[in-house]
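Just so it is clear, A, B, C and D label the chains in written order, and each chain counts residues from 1 on its own.
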C-alpha cells in the first residue's frame, strides 16, 4: 500500500518537475521509466546503481542504530576502493580466483580502518564523530588524488588513475550489454546479513540497546565502547565494501572522479528506509531506479543533468512530507497516556 | 550490416538515415571551456548536418552505460570528450560494430574506435613566447583547474614557449583541483602574482573569471584559453589560445556519415586550422611589432611542421 | 598585511556561514543545507548585481535567496519535524539543480564567464562586508550571551521543554535562529561571488558549506572560537598556494588535506571539551 | 507550576534558569542579576541558600527543586501548582518545603499540591481533593479525614500489604572495604565506606539525595569503578537504578527488547550468536503476566507505558536473573500506591528467597518498612542521622 502510494506520488513529482523545466512530460516520464525499468538495460542499470548505494546505506543504518552518527560514508567508500586498488596492485600474478575475494576483503578492511580512526578519536579523545568523519571525508579525497598520481598510478605515469584491473579479475558481468555485475549479490547478501545481525543476534541486540540508550547499556554492564567501536567498524566496512565492489565491478580503475557521492547519498537512503536493513534495501532500489531513470532522461533531453538533483530533492522532500503526515494520523493511537 | 570476412575487421557502414551523434563530457557543458567547446561543436553538427544529438555528463561508473545506451538507440557517433573515454570505448565498441566511438586523445584504437585530439599545446606555446617576451619580472604563471594530463601537457608547451625566448624565465604552476571554484582560482592567481608573475595563462574552465579578476585587481595581463576570451569584461586578456572545434567536429561527423571513418589517432592543430592564437585588438599597443613578428614566424613554423611543439601522450 | 587581508577575505565566506550556523545550532537547529543556501546566495547575488548594476542590491538578493531556502527547510524540519539531515540534503540538491538549470537557461547551455559589478573595496583590500561581517559575528556572539533572546535561544538548543515552560515558542525561536543562519549563508555565498569572484559558476561554492559545518564543531559552538577556527583553515588554505611553491617537498594533495588533518590533530589533542547543544537536531513538537 | 520533571536547563546556571523563567519576553538586554533579584529575596526570606553560579545539572535535586519553586515565586504567582514535589526530597527538606508552603499560603497565596503520599498530604493541606482516572471522587477538609479514608477514596479500598519476612543472617554476599568512588566530575563522592550485606537481608541506606548514594550504588552494582578499596560481589548482581527512564530503559525499544536486556545470556533463548525470537517473546510474555505489567503487546514501545509499569519492566528484568545481590535505588519514586506496594512486596520476596538486597532510598517510611538493618549516608560516608532528623 505504502509503495503504491509513494509510487504514484513519485510519478506526480517527476511530472511536475518536468513541466516546471519545460520538458515534454509524457516523453520524459517514458525516458525515465525506460532507463529504470526497461528489461534489457533499465533494470540492470537500476540494480547497478543500487548496489553501492545499498551497501553504504546499510553501513549508515548499522552505525546510526548503535547511536554512532557516522557521516563519513564517503571517505570510507573511497578508502575502501583505495584499499582494493592497493590489493590489486599487490596481487600481481596471483591466480584470478583469488582476486575478487581479496579485493573485497581489502575494501572492507580499508573502510573499517578509516571509520575506526574516527571512533578512536571519539572514544579516547572525545572528538565528536560528526566532525571527525567529515574531516576524514575531505582527507580521503586528497588521499585518493595523491595515490592515483603517486604510488598507485598506472605504469605510464601519464594519467591520474590506477592501472585497469585485468578483465579476468573483474566481478562477472551478469547481463550482456549492461554494467550489472555479481556485486549485486554481495549487496543482497549484505542486506540479509545485516538484517539478521541487527534483529536476531545477541551482538545486534546489544548494539541496538547501546544506540537506544547507552546509559541503560551501562547499568546493565554491557560493553558500550566496544559495541560502538564494532558498529562503526561494521559501518565503515560496509562502506568500504561498496567502494571495492564498485571498483572491481564497474570502473576497474580508481581516479579523482571515482566517487559518485554514494557515501553522502547513503544517509537519506538509510533514513528513508527507516534504518531497517530490509527497508534500506528497498529504499536503495528506489534510488537506484531514480538514478538510472534520470540518467537516461539526461541523455535524450536538452536540459542536461541539472534536472537530476532537482528531481531527487523533490522526491526526498515529498517522502518526508508524506511520511510525517501519515505519522501524524497514526500518532494519537500509538501513545496511550 | 556489412560483415567483412578476412583480415579487414568489421567497420561501420555509411549512414542512410538521420545521423545521430552523442557527446559525453567529463564536466558540465556550461563550463565556458573544455566541455563547452565540445558542446558547441555538437550543436554545429546538429544544425549543419541536420543530425539528432544527445549529450551527457558522464564520469567513471556511468561512462560505459552511457555509451551503450546511445549505441543501442542507433547513434552513429559517440564522442567522449577526454582521454578517459578511450578504454571504455574499446570495451563497448565490440558489442556495437555499427557505432563509431571517438575520444579526445587516448592511445587505443579499433575498427570503430579512434581518438581525436586538439593540439591546444600549439596555441599555448605561442602564448608562452608572448609571455616570455613581455614579462618584466621574468616570472609567468599558469593556473590550472583539475590536475589532469591534458592541462599539464598544455602547461608544458606554454613553459617551453616562454623558455624558448627567455631561458631564465621562471614558470609558476598552480592547480586549484576544481574547474568551478572561481574563488580558489582567484586565490591561486593572486598568490602567483604575489610571487612575481606578471603574465598569467589559465586552464580553469568555468572558474577562469577568477583568474582574470585577480589579474585585473593586480594590473597584470592574462591569456585566454580554449575559447576566444579576448572580449572578457575584465579587459586583461591579451590574447587567447583557441580551439576551433566546429570544422573538426563536422568533418569527423561527415566521415562517420559517409562510412569512411577508420579507427585512428589524429591530431588537429594549427595546420588543420583547429587551433588559433589571436591577440586582443583592444590591447594591441601592449605587443610590439617585433614580438608579433616572432609569433608570426613561430606560427608559420608550426603550420609547416618545421617546429614541433612538445606534447604529452596520454 | 596584504596577506592578512587576503586570508580574511578568502576565509570570510566560510566564516560568515559558520557564524550563522553557530547561532542556528545553539538553538538546536542543524543546517545541513548550508552548502545549498550559499550556492543560492552566490547565484542570486550575481544575477541581481548584473541586472541592476548595483552590487549591494545583489548582496541583498543573495541574503533573500538564502532565507527563502531556509524557509523551505524550516517548513520541513520545524513544522513537520522531519529529520534535519535528510531535509538539509534535499535542500542542497535542490539548490544545486536549480542554480545550474537557471544559469544555463539564462546564459546558454555552454555557459558564459560572467563578470558583474563587485562590492567596492577600501584601500588595503578590506570592504564593508568584511568589516560588517566581523561586526555581525561579534553582535551575534553578544546577542547569544547577553540578551534575553539569546538566553531563550540557547535554552531551545539545550532543553526546549524548559523554554516552552517559560512561555516561549520553541518553534518560533528556532525559526528565527534558522533564518538568521540561512541569511548568513546567503550572505556568505553572495560575498563569495560579489566580494571575491565577481562571477558565478555552477557549483562554485565547492563544499565550503560543509567546511563551515565542520568549523562550528571545531570551534566548540563558541562564536569567537568558530571565527578563529575559520581563520586557521583560511590561513592553511592560503598557505596552500603561497607556501607550496617554495616548498614542493610535500605533494599538493598533502597541502590541500593539511587544514583538515590539522583540525583533526588539534581536536584529538584538545580532548574532551564543550559538548554540542543537548537538543541539537532533535525535533521538538509543541504541546498544545 | 512546578513540574515533576524539572524544567531547568542543565547547562544553565541557577541565575540563568531563573532569568529564563522570569524575563517574560525576548526583547532587550539580559540582566540576570536583576531578573533573579526577586528570587534571591525569596530565597533569603525562606531561609534557602541559593548557589546562583552553579549549573543546574550539577546541583542536588533538592536544590533544583528549590530553584523551581523560586522561579514560580519570582513571578509573583498567586497560585502555585506543585506536581509531586517531595518525590526527590529528604524528610528534612520535605519539612522545610512544607514550612515554606504554609508560609506562602499564610500570605494569601493558593498552593495546589499534587502528591501520592497521604501522610504528607494530610500534614500540610487545608483541603483535599481525590482524583481517580480523571474524575474527582471526593473532596474534604484535611482535618476531617484520616489516611485510611483517603486511601479508600484513592484506590477504592485494598487489602493490607502482606510482606514476606526476610531474616538476614546468611553468608556474606557483598563485601565492600574502604571504598572510595569518584563522581562524574572527578570529585570524591564516596569516601572510604565499608559495608557487608548478607544473603536474605535487606540492608537499607537512607539519606538525602546527592550524598554519594548514586555513586555508591553504582559502585556496589559494578557499574562504576571504585578508585580505592575493594568490592567483592557475586557474578549475579542485579541493579535497579533510580532514574528508570534515563538509566533503566531504552524508551524507544519495545517491552520485549527491554526485557531481553536481562535475558541475553539465557542459554535456552540463545542459539550460538543468535537470539531465538519465539522463545524471547514467550519469555517476555511470561514476565509480563508474572509481574502483571499492563501492556497490550510485548512489541509495544516501553516509552508508552505508565511510570508504574515501566518500573515493573525494570524490576522484573532484574529479578528474572535471580540475582544473589540486588542493589535497588529509590524504587518507588513517583509511583502510585498500588505500584509501590507491588515493588515493595517483590523486593521483600527476593530477600526472603535468599538474595542480599541493598536498598537506597530517600523515603524514610520505605526505609523503615523494608530494611532489616539500616544506616544513613551523608557527605559520602555513613552516619546515624538523616537530614538533620535524629533517628
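Couple of notes before you dig in:
The rule we apply is simple: a contact is a pair of C-beta atoms (placed from the backbone, for glycine too) under 8 Å apart; a residue touches a chain by one contact, two chains touch by 3 or more.
Note that this is a predicted model, so its numbers are computed, not measured.
Following the contact convention of this document, A is the list of chains adjacent to both chain C and chain D. Chains that touch both chain A and chain B: C.
Interface comparison, B-C versus A-D: the higher count of C-beta contacts falls to B-C.
Our note on geometry: chain B versus chain C, Cα centroid distance of 36 Å, whole angstroms.
With centres taken as mean Cα positions, chain D sits 76 Å from chain B. Centre to centre, using the average C-alpha position, chain A and chain D are separated by 45 Å. Centres computed as Cα averages put chain A at a distance of 27 Å from chain C. Counting partners per residue, chain B has 28-29, 147, 177 as the residues that reach two or more other chains. Residue positions 100, 104, 109, 256 of chain C each touch two or more of the other chains. Residues of chain A in contact with two or more other chains: 145, 149, 304. Per the contact rule defined earlier, chains pair up in contact as A-B, A-C, A-D, B-C, C-D. Across the complex, chain C is touched by residues 28-32, 35-37, 39-40, 43, 147, 172, 174-175, 177-178, 180-184, 186-188, 190-192, 194-195, 206-210, 212-213, 229, 232-234 of chain B.
Against chain A, the residues of chain B that register as touching in their complex are 22, 26, 28-29, 54-57, 59-62, 64-66, 68-70, 72-73, 83-84, 87, 95, 146-149, 177, 312-314.
Residues of chain D touching chain C in their complex: 1, 3, 5, 7-12, 16-17, 19-21, 23-30, 32.
Residues of chain A touching chain B in their complex: 35, 40-41, 45, 48, 145, 149, 156, 158-161, 164, 176-179, 246, 250-251, 253, 255-258, 260, 295-296, 298-300, 304-305.
Within the complex, the chain C residues that touch chain B are 2, 6, 10, 13, 100, 103-104, 107-115, 118, 192-193, 196-204, 206, 237-238, 241-242, 244-245, 252, 256.
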